[in-house]
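Two complexes follow with chain A in common, the first pairing it with chain B and the second with chain C.
So, the complex of A and B:
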């Protein structure tokens, strides 16, 4: 039932500005390595985010480049218990 | 860092606040007060870390007390100690605790909680049915609902808000006109109700456009006089005419698909629109509303339109609200864990056979849950392996589970051997 919003017609409203959507930041290669080293983990252990996710699409539009599978996205969440904290999601197809 | 702390200005004093934003982010998430900054600096010097929320709370309590740095250090030390006590131990079974902490209060909910929520006569599913709906990740909730807010300049004017309402609410031809069939001439005559038209803010021209635009009513639409439309069937068949009538009745004149009703309600901060039915993607395209605050209770729709992170937030919000509405105090951390589980794959998965429990890697764990034979049979056919990593598997084979002390292996490595290895 839910029709997907057409990206073209979404010029008036940016997904990122919605109250429910936390800030998403695309990490570069070096930052990715830092994150994986700090948490002593690998990419496949991180939570995932779809490439088709509206937020990834929005980041793609902002960065002007294609976000490939395996890139890490840093998410700045607001939490009722911890205040503000970072979390990470890895892009999957 | 100053040796003696000056009383920091009151929190309301905007000038002294420091912008505290995510690096690379467009929006400022929160502003930091000088007291908070001092606390953070001290924590760093102590080589300790605390969540922001705790730092805020401490800062809130002490910022106007004019304390010595030594005292603040003591407070921080005590805070860190208490915080450590409250963190969960490694290998603690957080999931089971969460399941029980939600499940036990859940048993106290009445099965038949299906009543009117205080919101302007809109019927909303509450209680257990709603909770089940959330964790089942249903595509459409049984009572979809939206909440639409307005920017401040619009919220005050009734006309403006009313216009938005008429734009949202799905108006069918039948709602605004009398429709009669003229069998002798094989045609349908539509008599629009002037009063209703005015209330819905629709002109006759709008109607004509809507009637003739609809490709499904291919037949000739003719405007007769000032207040009548005639739709000719063209074919000499009663069945056709009947079909045409049905089609005409349900013709969308105005509004958004899926939204049956929109109700205006005045709240302290201005007018708010509540709708029965939900269509987030389309509502977000409407002008003159506060797009950033549009809410729906359809979690899958949020996932489609706003992304997985927003869906996670919505699950937490909805589940927590449903529980607290029933007077059940479930710690939000348990709900967060559930929401994290449901969204960790990039799309919203249900808890249960078709979702998380059905996708466990262990055959025995899956067989222990539901449809036992199917799982075992399949595992036998394709030769699945089970590494006995989880709880259920280990109970089945009679081994200690990998939780708590069971998760730790002790290896004795005599000093002699160790030296030899070096």
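So, the complex of A and C:
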């Protein structure tokens, strides 16, 4: 299933640069721990995102490494009430 | 996670009972249809066999040896002489029969459609024992579900080559293959032939289910505890409906066996077999379509298994999702403007029936003893005394004296409700949290619950026969929680739009308008009369001045100011504001006579009126500010006081309205008729132009549409002009106008429809076209597109409608009614599903929204973490207000520019509110509901 993401070229449509797609950021080990500590929770309580999600694939291409399940992705989005709202999603298969 | 170990449901498995399981779990085989012998003892192997459990107190169960309430009851079973189809599974059986070969039982799949290796792997593999690790989510194993449509066209079995015949279901329980009827036995044989490996693709797990079990060979007999018999006063036994049905099954089963064994003619056996099928079918569901329901001797249909579970009165909806509760009361509601919004008036009868448990302590022994001594019939008394060993003793006049003397610390006494007790008050439908609020008890004479009119909007209550429920809280914790979280005053500001949902309505607004409008003067007696409504601890302010005769007078604004908090300052345009192009602001009174610019400075009403925009439910700005800045206590006091003052004013000055309020001078009538006649002519001209093809087409519209749009515009304008003409003669000296302009009730549109012209009636947003061929009614010529022929009503409600107009008005009115009926039922269902989906979510202390398993739904509530009921128009901080407070400079609110966020909601709110009210009230009379 897990197709290898193609490197983003100019010819290929880039999801991440679409204005309706919010910014996705891959968290490192330290940041992950901070998030879990801040919300006093574990990864299984976080919202989920598929590894096959185009944004994850795109991040994977950018990072040049495989994003394994269990990694956390931080998403910034525009919010009607708060202006900017962020959410965390844990990668699942 | 947060609270330690939790158990999680990993899977739920559904399976059938196999005949072997039925027999294995059975305490006894049931063979005889007789229940009791002549001495009244249950017959062994009958339906009341003592091994099925105990229902009579004192006896012990023959199976488990336990007593009543300890023995759960035990199943028995009936061995059916011939197999019988289970009605609940006919659909499933039909699917299986259609998808498999009549000869070899294999799946009827064209080879090409047999799922490929990968798909098969997915379904045949046992679910992998998922290693539960972090971030591990278990995806559902894709179940390949065979669709009978794929196999229905297959004529020849791809496995054995047997020809297939189309199978149809003859409702409710017989299958037909071509012309031949399949007996349950044949059905069972076919199902038996389906090999295990073909079951998974059919959506059945062969580890737990065999399809032939859907055809019953053994019938479980539920324990007697499920179907207890009742002994009537006459000493006769009356059996449960289920028992009756089982008797039928047994009787026919017996006859069938005898006839079959005796080698009776096939026809007789088949008839009996079918009868057995009927009884077993109705035993499961007595409302199976296609067969007559089994009836009691009296003609009442029997309540069998499905009837026990199904529907509103079924086990699920009335015993599991909702239950009857103790310590509750229900009666009609009626208004009492002198109660506080926090209070509820309850009848003495209710107060003496509902009780609150009080623990006897050294500090209250004497008081409680006194209450017990009064007994259950003298208020405030006691209905029950609970001893420390848990024994409940009913207090009677006889034992009251005795009980009172034996009372000691540690006893619990159930005393009558008294004033100030906290109770929950509820009106259905409970659509939002304000539908159940906590009130303080006030015991009163008469037999209705009494409530303050200001709490009608959140309950959506009126007094045309509405009933409400009341619950007496039974624990100290519950009372504390209710008082802190659920008290009415804590709900003045709505969590939906941040504005007040509790506030002045109707006469409150009229009254406060009359009190504060322009320069109302009251003499000493009148001023005292008004102030007496809000208590006697208040001093009469200094008189505002003296009239010609030298008598001192007080102004309405002055009296209203006595209930406004001392340091409150606010400025806004009142509801009566005419929306002048340039606002005269403080000069509004002199220039327009409306007195519509309200200024309150340090608790003194300087100018302007206090009307709906100031204190009304949904709109009251003063109310909003007081509650927001000073908290619910002051908010409650303000609502209580200002509404009482209003009631006082309206009593003092008197207020009435009648149809004569819509009288307009003949001169105005003539002008209106003129306008309407001109409009009619205008329409006529346009129709003429249209007929001659001279009408200028609008871009993007057809000629017909253009005509419609223009005609609507012309007639709309005419209606408005008629309304304005009528309105010119309806000034603020007119009661109906006062109500409309102050926001108390009704609108200027309502008035102009009564006095001037009702206007165009519409169905589906268009003029009325439907009806006869080419015309709406036989009164008109074909193809008449004029105003009168298409539903324009030029009459007023007061003058009365012409027959054709009346008919059109009914058409428009009906659409409205149907609309609301459809909308309410649909939105109700939508709301229920939404609530079911969201009911376990809560905002945790860190501001995130989580469900009961701790899964995070939202990282900050509402994305901004703000409670809308504490926000100012959606913002956490009201900067303008702070500037005003700190610098003393008014930051003029530009309502249009700022969008005035909750203004949008309030408009929305009141419009739906009005729709519901007016239309519901009209309809309710017809149906006799409330």
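In this section, the second predicted complex is superposed on the first by the 81 of 93 C-alpha atoms of A that agree within 3 Å, B and C clash if a C-alpha of one lies under 4 Å from a C-alpha of the other, contacts with A are read in each partner's own complex, and residues count from 1 in each chain.
Here, a contact is a pair of C-beta atoms (placed from the backbone, for glycine too) under 8 Å apart; a residue touches a chain by one contact, two chains touch by 3 or more.
Values in this document were obtained by computation on a predicted structure and should not be read as measured data.
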First, second, both or neither for A:42, with chain B first and chain C second: second
After lining up the shared chain so the two structures overlap, which partner does A:92 touch, if you call chain B first and chain C second: first, second, both or neither? both
Under the stated touch criterion, which partner chain does A:69 make contact with: chain B (first), chain C (second), both, or neither? second
On the superposed three-chain arrangement, identify whether chain B or chain C touches more chain A residues. B
Is A:54 in contact with chain B, with chain C, with both, or with neither (first, second, both, neither)? first
Touch check for A:82: first (chain B), second (chain C), both, or neither? both
Where on chain A do chain B and chain C both make contact? 47-48, 79-83, 85, 92
Show me the residue ranges of chain C that touch chain A in the complex, using the header's touch definition. 1-2, 133-137, 139, 846, 848, 850, 853-860, 862-866, 874
Hey, which residues of chain A end up touching chain B in the complex? 1-5, 9-10, 12-13, 15-25, 47-50, 53-56, 75-85, 89, 92
Touching residues of chain A toward chain C in the complex: what are they? 38-48, 69-70, 79-83, 85-88, 90-93
Spell out the part of chain B that touches chain A in their complex, as residue ranges. 22-27, 29-30, 51-56, 139-140, 258, 279-282, 284-285, 287, 291-295, 298, 300-302, 304-310, 313-314, 332-333, 336, 340, 343-347
